[in-house]
């Protein structure tokens, strides 16, 4: 809730400019916009330079296009995750500068490129198959104003590959590691650096990988204390939280 | 590996001050000290102001005391987690300023109180029973140079309790939330703030809580994008990674 | 078993109007009608104003149409759940006033609109994707004679959204909450009201949501004592039991 | 939040009786009392005739006694669940009319015996071993002003046992069924009645009962639509929600 | 191994009719026929009046037809389970009296109709959707020489339905019960009779039925001691073992 | 329900010897005796020569002794399973011929030794540690009038051990196989014989045996079609159902 | 890392032939080749006679063909696993001697047929359906220079089938056993031989086989001490490790 | 079965030295000795230089001592695993040279120290807490005639620790790796060497380590193809199979 606005309402009410019923209604509406099947909170995105994000899975193409149409009017940066190229075709009619990232299945409108991070974010994968999830993280982090360094295919079975990237890794403010199968890479990376590692288990594997559960458990049990974990295949979440870690920070204004 | 030291070794080798065999051996020893049943890496703790940490579970009392005896000589701050009061009695003989934190079952020697954070760390619990885990996180964060704000018993069944602490929460650089049962509090807190939330599932509950699994799954599936998760009951890990997020950061020296 | 009818049979038998074999057979038939591949109990629906309900999954279109044809003769209200638009096309030939609810994949014939509840039933969703399950619950409750209030997309990541609906929630006799992912909303709603909350976990989510298991466990472990739970995606069951709670109640006649 | 009180505060503020800072603080305090390691919400219990309830597991005896001492001053009815006889000994010093229920491991102070239900609540067990959980439910329901009928040991392997109790069951406003092992009894009872059935899986069984999971799954998959489920061994929750169903209801005052 | 034949071989060897190498080879071949990708044991089927059975899943149509072609020469009764109508089309060319059972997805050649049972086998389902699995059991039992009584849709939510069939059930030598969802019917049936009940969990259900796991666990934890369990959807196995129970038995000839 | 008795009641009612209320009550009481905390069905045991069985786990010693005292008056054979030697001490005061079977933790009173089987029952274990469970099965089978052959420690890692017992196995009417770890023995035994095999998974093992789950799954997936399964460690159930299979059978009297 | 090459670099650096920056870069490049989306380590394959292996799942056809094109230049033996016939069509354009193995879905280029084993490798299946996985193992082992003996369809339900192959089994240096369902065959084979058994659980089965989990657990709990396990359906891994066991071994050159 | 002995029996039978009954019996007895509650196969141990091994868990002290007494007469090397010091006290009375290994809870009689391996076996642990399991493996391997190299505490969080031991690792014929928590070390080690790696998950960890399941899954999903896995905490099995891999091998004599 916007406390400045709340105080304004209270004062207006006290001055008799608002009656008690209207005051109640306006306090309620401070927080979000109700668009029928969804209630959208624009305030954070606009004020803090966050992108607007639409989770595409489970929404129809026309719904997605409708939502993007509204968002693009209010926000310079918009992400649509877990979508498809057909939707992109229609989104491009609304925003000719929209980008289609096929591997990550993500549409990005990226107009505000203000830099908001204090360091770089390294995004690392154990294997080639983990790249789509890692790209989702990297594209999100870029849309949130970060410099991103991509380091692909440095899984632990060939340990020299990750060791060779030590300089890049040790130069980053925060590191995202996407890995499937046994999910061991975050522990190794975590041991090489002194910054937070955001681990993303991926659903890469077969048999006893159980759709990413083996990797998830491996990461939760990491022997490196600087590792935290997000949901399986949640590249967006990893990019989002890494961006928050890398942000130039000052207490939120009241 | 300490690259400055490595270059020194290479130069010494080139100058003939070291022969090839000795160069090899010293490169190997740059990294850790082998003390028989364990190999300890002191370099990070000493150089970066991290505390030395000993995981007490599964080690005998004499082993723990022996290890602490060595650590206390090299490092101003030492933590022993998952230990007991008897061990504390012996540790106090080595360090009369050692503190015993009964709820968290943690011994802390806390001599270097240099402030290393750029903001405060809020540590929040859903219920009274989550306090021991949250205390482990808070004590760790303090030992790593952070200001900590404790907010106990604000679980979501009485939502006004957490809303009443919005100011404290919104003023923090990073928030740790410990919760058992359904583990819903991190999502609510995550929605109130724009900083990273480190969620710690606790093994509080019964029946279908499955020793913290219900809370863990709840947190991994959080609808708030700024939530990351550590292992069940891993208060230390949460405190550690929150401290890394809150640190005044500059790239590690080469 | 219909005890009045049973006594009638016993008396007829005593008077010699029925011989012992026939008495036995009729006692057996008091309870249901055997239609070959199914045994249908009409008595409850007819006498108590319940709708007839057909679970569509796993039945062929012609089977479904055949069953509906029979039911529609005996009962003013009929629901077919988990069905498709093609089946609806054929059902409409039997009952031109049949309604097709696409989101909930449900056919409803709703002729008897007698009000049978003592209060309203609020149906709430955490997200937009939970609406189909919630609609199944709402449509069922309406068919059972209830006033329903729909409240969509008030998940806990934006806590003000649900708080803004407190009046509606606190005015209801019983509340249904459908939520996927971490399933935290029932706990928050449960804390706001003093009536029963029927929680429906939905299979919305990915990765460690395990098809609704994370939400199910969250709800079973709810810290709000007024929460009970039905099966994942069981919108019908939630609507049914909420209707029973809201019913004007008097002991069933003997 | 108490809306009447809130309006009073707003009016006092408008009249200048309260300044803006104090108004803010009082709004915050409307909701609960902070007692250090816990935040207690008394308002609901006092105004609505609910008992105060303390979950005993994980609290020390002195903590429990201290809490009870405070509660007993404000509320005529107090329950302490999952506790022991030693704690009861000390509680009896505070309240000589405290009752000790050994099977349910529950302390009850039961002074206000106002009847608040519109019908009876039947509490049913499948076996003898389920009685402790069922007693917790029954004692809770009584403390909330209900008439309770206990029906023990009518599991489905001897189906005549439950059929013989049909009259009792069909006369109840709501039924609680506690069952371990395969957890089949709620389905059978649900089929006999037209009121809600609150099913409590118990951890009774061995091998593939997995501590109550088999019973829990059985109940969640019940083919009777009037069955809802609470957590394994959660007798208190079942008694609580059944009491809410049975309550004479009118909309909560604004 | 056929011991009579073995003694014959040993005697022939002793008499010098067979040399040691040939004796070895023939002992090896006593047991089965190697047809390249499979080793088939004909002896039991032929000698004991068992049908030849081919598990169709995972075999190509031409493989299945090839196998049936060989079997039909040696055995009067052949079953092909988990197959399709196209395969049946080709099998009919080999055996014009082959039967296609669409619900059970089973081809049956049933020439030898010798009765081999001492009583009847009752096959029971909880719901309409369980019929395909139950039919597989019934068709198997018939092919093994049993009288089968089918009792469909008598699930426990309408307990009178199964009670009405008590006479049929109590007249059977062994009972097969197929049930999905909570899998409670075998316990009820088991309590009504004094003969073995073979329980078949089916994968009918959704959500927390987990593809038949809930039913499986329910049956394994049955409170009726005469219940045994086979794999989920294993109608064939249930029919097979029930047939062995019902067989006129005498010790196998040496 | 005893149908003969029921007809008697109906006739008495018709003749006016019983009025309608009394007829109702007596019909209800035909089935079991209510002894407060349990409802016992004696009819089956007495009429069919079954032993009375008490499951000892979760009952107090005085409860057990009280129950046995009553049972021993009505039934010549009584089993108390999952009990201890102290209870046996007291039971021996009631029945001096009571036997204590330490390995199986079972008390047996075995007075009626009528033979009721048509063949022998073989009870087989994979290892030495499975013997206690197998003994529970064997003792139960003996108490139900069967000849039992014990075959211990013939696990599949030394396949010759079980092959050496082929004669014994092939002479049995039904075979019980108790096995922990991978639970493979029932499949091998099942392939050697043409009679039903009742498989009992035991909780023997460690690590990924998960308390008998590995063995249970192995048995449910047996490639031998004559294998059925009971719950982990359920020796009693295996002995009970094997006895029913081996019984001289004739349809139950009406 | 190639230590000989490393010493060469160090000497060159000392002699001033390489400056320190270049030395660093070359040390880094000793280990693998970075081809954009993947980092390939050729050294082991080339120097040790291992085949190059590409895991086909999750790679596009053009990616696969591109990779094979490069590999085929450097290595005489190449395997592409989990691929399809279309890809084979294109690979044949690059290497006309490429083989397509339909059952195993594997492309093999097999030019270097040097024998590298000291004995034979037996590859065994429990059933016909396990052959594809077993073939993947066998083809891999052949490509690594081994003599392979295939033994199909000797599952434990017909124990004589595997006993008949004892000579073949006891003559092998290492045995691979592929089995689904209950996964019992490795234990039986393990008991017959004194060499390592590499067990491959397959996803063959239904219901409680849980996609190979039952077989996996059975193998992990094997009562034969010479059994080790690889992932479900991992025929390649089994063939690889069996080849390493069978290799003529001498310490790797420094 | 000992084929030489079998041929001898057949010839004796042919010559009339043995009659057919006796021949049968002796063929049966070729394989093992029946000692009441166990059937012991001595032949392999004695002939092949394997130690006799007794799994101590679940056997009484007197049983263990009795078994050891017999074994020590026939075999120079005996292991008792999972036992205690009290048992060792009694075993020392039988064999004064028995060794007690407290960490591994293992008694070893080690008289025959013949070397049977072709290289060394490296035994590696990730942490200090994994040492007991690793010691069980190492002691077993030594008792089977191998040179063992112990490498403790080289977990992946400090990757330089394991890299520093590359020479030792690359010199071994086979490597055993024991690791708990995320179980990542086998993958790293596997990538450094070209020999088989036998991975032993340990039950070290807490929370989502699930008693070793996380480590087990990590190892099964290893991205290094030379890794195979044994059961959680199965140090003995790892030592046994590693010894078979390292053995000087020649085909078993017929």
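Each chain gets a letter, A, B, C, D, E, F, G and H, in the order it is written, and its residues are counted from 1.
Just so it is clear, a contact is a pair of C-beta atoms (placed from the backbone, for glycine too) under 8 Å apart; a residue touches a chain by one contact, two chains touch by 3 or more.
Computed from a predicted model, the values in this text were never measured in an experiment.
Shared contact partners of chain A and chain E comprise C, D, G, H. More than half of the contact pairs of B-D, counted by residue number, reappear in one of A-B, A-H or B-H; that pair is B-H. Mean C-alpha positions place chain A and chain G at a centre distance of 39 Å. Computed from the mean C-alpha positions, the centre of chain E lies at a distance of 25 Å from the centre of chain F.
Centres computed as Cα averages put chain B at a distance of 50 Å from chain C. The residues of chain H that reach two or more other chains are 1, 158, 207-209, 213, 216, 220-221, 231-232, listed in rising order. Contacting chain pairs in the structure are A-B, A-C, A-D, A-G, A-H, B-C, B-D, B-G, B-H, C-D, C-E, C-F, D-E, D-F, E-F, E-G, E-H, F-G, F-H, G-H. Of all residues in chain A, only 7, 10, 13-14, 20 touch chain D in the complex they form. Residue ranges of chain G in contact with chain A, taken from their complex: 1, 28, 30-32, 36-39, 41, 57-59, 201, 203, 211-213, 216, 231-234. Residue ranges on chain B touching chain C, taken from their complex, read 126-127, 155-159, 163, 181-184, 187-188, 190-192, 205, 207-210, 213-215, 217-224. Listed in rising order, the residues of chain B touching chain D in the complex are 128-129, 131, 152-154, 158, 160-161, 164, 204, 206-209.
By the touch rule above, chain A contacts chain B in their complex via residues 44, 48, 50, 53, 118-119, 166-167, 170-171, 173, 193-196, 198, 216, 220-221, 225-232, 236-237, 240-241, 244-245, 249, 251-252.
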